[in-house]
Structure formats: C-alpha cells, structure tokens
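To keep things simple, chains are lettered A, B, C and D as they appear, and every chain counts its residues starting from 1.
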Amino acid sequence: MADKTALRVGVLGAKGKVGQAICDAVDAAADLELAATVDKGDDLDVFVTSGTQVVVDFTHPDVVMGNLQFLIENGIHAVVGTTGFDDARLEQVREWLAAKLDVGVLIAPNFAIGAVLSMRFAQAAARFFDSVEVIELHHPNKADAPSGTAYRTARLIAEARAAAGVGRSPDATSTELDGARGADVDGVRVHSVRVAGLVAHQEVLLGTQGETLTIRHDSIDRSSFAPGVLLGVREIGSRPGLTVGIDPLLDL
Amino acid sequence: MADKTALRVGVLGAKGKVGQAICDAVDAAADLELAATVDKGDDLDVFVTSGTQVVVDFTHPDVVMGNLQFLIENGIHAVVGTTGFDDARLEQVREWLAAKLDVGVLIAPNFAIGAVLSMRFAQAAARFFDSVEVIELHHPNKADAPSGTAYRTARLIAEARAAAGVGRSPDATSTELDGARGADVDGVRVHSVRVAGLVAHQEVLLGTQGETLTIRHDSIDRSSFAPGVLLGVREIGSRPGLTVGIDPLLDL
Amino acid sequence: MADKTALRVGVLGAKGKVGQAICDAVDAAADLELAATVDKGDDLDVFVTSGTQVVVDFTHPDVVMGNLQFLIENGIHAVVGTTGFDDARLEQVREWLAAKLDVGVLIAPNFAIGAVLSMRFAQAAARFFDSVEVIELHHPNKADAPSGTAYRTARLIAEARAAAGVGRSPDATSTELDGARGADVDGVRVHSVRVAGLVAHQEVLLGTQGETLTIRHDSIDRSSFAPGVLLGVREIGSRPGLTVGIDPLLDL
Amino acid sequence: MADKTALRVGVLGAKGKVGQAICDAVDAAADLELAATVDKGDDLDVFVTSGTQVVVDFTHPDVVMGNLQFLIENGIHAVVGTTGFDDARLEQVREWLAAKLDVGVLIAPNFAIGAVLSMRFAQAAARFFDSVEVIELHHPNKADAPSGTAYRTARLIAEARAAAGVGRSPDATSTELDGARGADVDGVRVHSVRVAGLVAHQEVLLGTQGETLTIRHDSIDRSSFAPGVLLGVREIGSRPGLTVGIDPLLDL
C-alpha cells in the first residue's frame, strides 16, 4: 500500500511476537513502507543498503545498545520499546546522539496511547475536583494489587493536588469493614478488582458538587502498542536527540 | 387524570416529604385517584367515608400499628413504608389479617424497584460465573463502608454460590498494598468508593472466560421509592394477607 | 485433574478451533474427564468403547444428524452447538429420543451465559420502568446495525411491556438531527456504536423517577461459549428429552 | 470560616436561585469572604464601601452591562455567568477595560468544570485514535437531540481530526435499520439516549487497535456551576483584561 513518498521503516526483532505485529502494522499503513527486517544473527548493514530511515527495536537489553550505536552512527532514527534503560544507558545514548545532531531516538516503556493519555488527563484534572479515586480492574491471574499503572497514576494525581494546594478528598467514613475503602497511595484511594473475563482496565473518578468526570482506559489485547509505535515512527524524524516516553509526542 | 374505574387511594403522613411525593405520584397516575389524605391529629374515619380502597402509610413506628389495626378492621388494604417492624409486630399484623381474609398488607423496607431487582439478578446470576465482586459508590458524607445494601448483596451472592457448590472467585494476588483488594464479605470482595458529586450507586461485576456481566443501579434522589409504592398500591388488592418486601410483586 | 466420579465427556469436531477450546475446558475441570475425541473420518464407536457419558458436538450441519442418531441409539447424552436446526430436524431428534427415554439432548444457538442472562434480566425488568433503551457497541467491521442480539433483546423487551400494559418510553424530542435517537424496534430505541478496539458489548438501560438500572454484557473473545457448554454437559444427564437453548438450565 | 487574608467577594443577583447557591459556596470556602450582596433595586455602591475585590454577576442581559461598567470603573474584578454577550458587547467590555489595565473580567457561558474538561480532553485525544463516537444521555423531557454540548463536542473532535489529517472513523455497516448508527455531525457519530431517572450525561468513546479510552461527564444537579465560579473568583485578579470561557483558567 506504500507510495513513493512513504517513510522507509526497518524492524529489529522482526520474528518476535511484538516484532511481527509491528511489521503487519507498517505493512497496513499507506504512508509507511517496510524496507528491511532483522532478527537474531542477521547483519545490521541491510538497514543501510536498503535506505531505511527509521528502525523499530523490540529486542533484548543485551543487544539493544549495540543496535542503537550502529543506527545512530549510520544516521538512522530509532523507536525503542526494549526494556532495561537506566540513567547510565540513557546518558550513553545522549552522548552518541551529540555526535549526530540530526538523528532522533525515542525510548518508551509504554506505547499504549490510551494509557498514557488517561494518566495525563487524570493529572491535569486532579486539582479541580474535591474528590478523586482510582479503580483498576484486571484478570484474576495478576499478582500485584494495585497495578503498577494505577499506583503511578495515583502518585501523579497526589503530586498535582499537592502542587495546587488541594487537600485530601473528603471522607466521613467512621465504620469500615477492613479494606472496604481500598488502598491509600499518597492520600489517593485505589481499588483493585479481579474478575475473570477482564483483561486490563482503569478508571479515574473525579467529582465535585453535582458532577463527576470519569476517565476510563480499557486494554483488551497486547497489540495496543502498535498505534503508539507508528506515531513514534512518523514523528521521530522531526525530533532530533533523545525523547523518553511518548508523552512529548502527544502534544497536550 | 382519574377516570371512574380509578383505584381510590389514601395517604397517611400526607404532609411529610415522602407523603407529599406520594400524593403527587398518585395524582399523576391515570388509574389512581387521591381519595383522602390524613396527617398527625386528623381522624382516620375519612378513609371510610371517602370509600378509600388502599392506604399508603409513611408515618412513624409509634403510630403505624394503630393505623394498621384501623385499616384492616375496616377492610382497607395498606402499603407501608414506615420502619420499625420486628417479628412481634409482623406477627400481630398477621393475627389481625387472619380475621379479615380479603385484606392485603404490604410492608417493605425498600421500595426502590431498581435496587431490589439488581440484588435479585445478582443472586440469580452468581452461580454461573467464576468471579463476582461488588463495587458501591456513594457521596463522601456516608459513615459506613460498605453500604448496607452492598453488604446484603454480597451475602446473598455468597449464599447462592455456596448453595450451588461454587467456590471462591479466583485470585492470584500475592503482593497487596493493604486494602487494595477491598473488604471480604463471606468470600465476596466489596469495594467502597466515596466521591463528591455521587449519590448512591452499586455495581455487581460477574465474569467468566471471555465475558463479563455487569448489573448497575444508580439512585440519584430519594423520590425513587414512588414507582415501587404505586406498584404496591396497584397489586396489594389481589394479594390478601401479609406480604413483606416488594420482591414477591416483581414476579421474577 | 479428574477423579473416579468424574463425568466422562467426549468431543466431536475435536480438532476444530471450538472443539479444541472445549477439550481444554474439560481437561481443566476437576469434575469432568475427557474420555474420547473424534474428528472428521474417525469412527464414532470410540464413544461406546470408552464409556463416554456425554458428547459435545460442534461439527457441521451435514454430519450432525448422523452423529445424533448414533449417540441417542447408544444411550449417550449430547450437547450441540452445531448450527442449521430447523423445525423438521428438531422433530426428527424428538422422534429418536422418544425411543430412548433416559437420554437428554441440548441444542443451543448461543452458549454465552452472560448474553442469555442479560437478555432474560432485561425482559424481566422491562415492565417496571418508565423508560428502556438498548445500546450495543461493536468493532467497526460489523456489517449489520443493530446487532442480531440487540434486535432480539429489543423485541423481547417490547413484548414484555406490551403484555404488562406498559406504554412507550416517554420522549419529548421535538428537534432531532436525523438518526440521533437511534433505530425504533417495536417502540424500543436501539443505538449502534462502532469503535475500533471494541469486540461485542451490549447495555440495556432502564429508568424511572430518580433511579436507573443498567444491565451490561461484555464479550471479548469467542471462548465465552465454554462455560455454557460445560454447564450443559453437567446438567443434560438429568434432563431427558430435547432441550432447546440454555435458558431452561439457568433456572431463573 | 474566613481569615484576614480572605478574598472579599460580592454577589449580584444574590436572591436568585443561582445567586443564593454562590453565596453559600463563598460562605463555605475558607479563603473567601462574602463582603456584600446586591439584588434588584439595591445600590451598587455597597461593593465600594465594603471593599469588595471580586463580584459575581448572575443577573439579566438588561442590567449586566451597567453592572460591568460600574465595577470596572471602580477597579473591581468581575466573574459573569449572565447570558446574552454578543461580539458588540464583548467589544464594549474590552474598551472599558482598556482604561483600567489592572482589572480582570471573566465572562463564561458554562462554569461546569467537568463539562469543559471533558470537551478539551476529547479534542486533545481525537487525533490519536482510529474511531471516535459521542453518546449523550438525558432525561426524557429534553426537546433537542443531540444536546448542544454533544453537538459542539462532535464539531471540536471533527476539527481536531481534520487539522491532523485523520480520516473518518472506520465503519463497515452495510445493513442499517434507519437511525441505528446515530446522527452524523461533521463525520462524527452522535447517539442521543433519553431515559427517565437520568439528568445530563455524556460519553466520548475513542478506540484504536486493542484499546479504548472513554471520557464521561455526569451532571446531576445545577449546582455544578459553583466550583467553576469559585475558580474564576480566585483567578481573575491575576488575569487583567477580558477572559472568555473558563478554559484559559484550566491551564491544560
């Protein structure tokens, strides 16, 4: 479906489950062309010979730094979902980029646009409401309660309220059956529901006199990273240097 | 709006907030006619002289027994929302009714049809799903958590599952921030949310492989008893004897 | 996981997608044992030699009648999800069963317990509320709007209200942008939402003065037939003769 | 509850329903003090003599311009919910303010923070999702479908998608019962639900591969303007000149 002006995209870790999903998504996009794919043992040079402009890397912490060094040196932008980036690694990437001022690298722990947006909206709205609570709902095989996302969301909400001088949500509970009011994360109540047939869902409920605002995110399969990766692929060329997280691309 | 065949309805406690709402509801119903109203100090004889067929009583525990004795003796059906009925009082009403075989009395603690139906549906569905949890959401001035309705709903669910030999909902939680998984009511998790701008809401979430069923009740003002009272008024004439709760009228 | 008292279950069409899911579900159930599986070309005699008590049939309209004749003649109960049963076929099955009075056969077009329950609850509740509307939400590749389930649900609601003498839902709309108020199915409004990321969802919204009751069903993968099939497997032995649809098993 | 550093607030139209609610809200806020109230026939001078710093005006189009001229000339900030401001009126207010550079005036058609935020979030998120539809739900006495807010929301969404070069939401519907797919507002589908027991609710549903984001606003009584008015009262002192709508105060 690609035309002549299509962006030439390469995929690293192309035979993995995630890599395949990304190849499919690139194939299906009219403005993108799948120029080259590489998996374990393949030579990275194919990205150069094929004229690849952006490479997506969902590989392994052991190999991702080598990949990035090669790509940056060869002037190819990168969109990275591989995990394991600590401050030292980010610093190293910045150094490489300092020598190649027109190259852009995006490293993100979470490409689900809906999850990122809902966290941002909750954070932006938190200071305008008397009350805010978080309900996260997952399948019953999940080991931790609350979920990492809910925990992070509650902390962002708490920070936003503290910065604006907003106090705790009102709560007149005087008789409580143990646990009924949920967990307390920096003063924000978080409730963890575990029900078969669910996947991964989160609701932030904000309320003030006479009105409530609900921000809900439902994720039902792991392919939900694909739109975020494509957004990164399309935008990273115009964002030289290192970008961490997809938030800056969302332009809120 | 009443026609000749309209049922003649009387209201006891007619000047109270609830009584007035019931008078308004009767007035607005084409098949009912407001025949007589009585408040503190008024004579009950007006119900007899006006040919009243059914009387609604939202008064006070101190006077309701006298009211009922009068109504039953005079062959007038009664729909009662007044509180304070213990076993001894119910037994006394049954005795009076034994002497008047064609009179019907309905005594109910909760006339909100939606609340009663949602409890019944949750109970009926409970044994067909691997998981079930209850989320109740109220305004932040509520003193108890969970709400009485949520507590009762959870117990009915637990009984229905026990009777069918269904075990506890699956739950792999191994790391829990204190309270995140809610309160445990006979093995059913109950979560209590308190947010400004809410009134009284409850959600029963049932799930099994690949599907969930949600039964949600939202109550936003106290007038939600009116439709249940009118249902009682229309039906009690064909139900001689004592009926406790509106469940039997719902014919599920 | 099976013990000595486990019910011995056979699967016809065992290599198909649905058949495999059922084999997995039987394997995972402590009270059931997978006794024999048969696919295209295999001999049905294995059900007899293995002492199979109930057979699940998700095969093809061309072969299902032959399968049923064999199973009934050999005193084996059957749970059938294969399509294509018209009145003539059902009559034929009844005839075969008339000669084997202790055998039970369940034929159902829909084994999703949540879907069947939500339809039944909507039908039961419909006459107690002033208003009722149906919202169905599906992925955007769906060709028909409303969905077949929503259409059927709306008709059952309309029938229940007509039988109880309840009129149309109130609606003061005087200025409408074409289509805003949805489709009219026997006087019940039905709204069809199509959004990427959804699978198959339906909400019945009932309301009266001050309160609403919502019955929502979410189905996110096709495995949602498995619990209904297992319910059928466990119950059909005590229901001799022909049962159509899983409703009678739900005992509402 | 006011302390010495409390902001001194005046209310115009103080005996109206809205005015009284605002007086109550000011009274209940620790950082605000109700300095003076004025109703029809009262002299505006009391605002000057009482040292009022900000005046809230919910009066009538016939008198609001006179009120504003007086307030601006006397160096008092204003928060205005009175309707009827066309371009000519706004221009006149700007002229008066040009002579008093330190005075701020906020004129807003809608003070419900939740409504304004949900519109803004929908607009911000619209370009990142394949699909977006709007569902608005109201009481059945509403005359127009869709609601003005839903219509405006859909247009903002359509504009945001057009500006980002995003096409129409995908929709494979080939068989439609008339109206099922809702109204088409600039290519965005809008569904209007009318059910007794509801007040005013709106849901924007956005979806892409594997995930959906829902932004829902519920308004259950008309007091929901109060928090927005107080926000305006607190902020207008640091925003000289004319501000139209509360959006700029929300700092998104």
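By our rule, a residue touches a chain if its C-beta (ideal position, glycine included) is under 8 Å from a C-beta of that chain, and two chains touch if they have at least 3 such contacts.
Predicted model, so just to flag it, every value in this text is computed and none were measured.
Although subunit A and subunit B carry the same sequence, what matters here is overlap: shared residue numbers make up over half of all numbers found at their interface. Of the two chain pairs examined here, B-C and B-D, the one linked by more C-beta pairs in contact is B-C.
When every chain is reduced to the mean of its CA atoms, the largest separation from subunit C belongs to D. Distance between subunit B and subunit C, defined via averaged C-alpha coordinates, is recorded as 32 Å.
Per-chain CA centroids place subunit A at a distance of 47 Å from subunit B. Taking each chain's centre as the mean of its C-alpha atoms, subunit B lies 39 Å from subunit D. Counting partners per residue, subunit A has 129-130, 197, 206, 208-212, 218, 220, 224 as the residues that reach two or more other chains. Every residue of subunit A that touches subunit C in the complex is listed here, in rising order: 197, 199, 218, 220, 224.
The touching residues of subunit A, when paired with subunit B in their complex, are 129-133, 135, 137, 140-146, 151, 169-185, 189-198, 205-212.
Against subunit C, in their complex, subunit B makes its touches with residues 25, 112-115, 117-118, 121, 124-125, 128-130, 206, 208-224, 226-227, 231, 250, 252.
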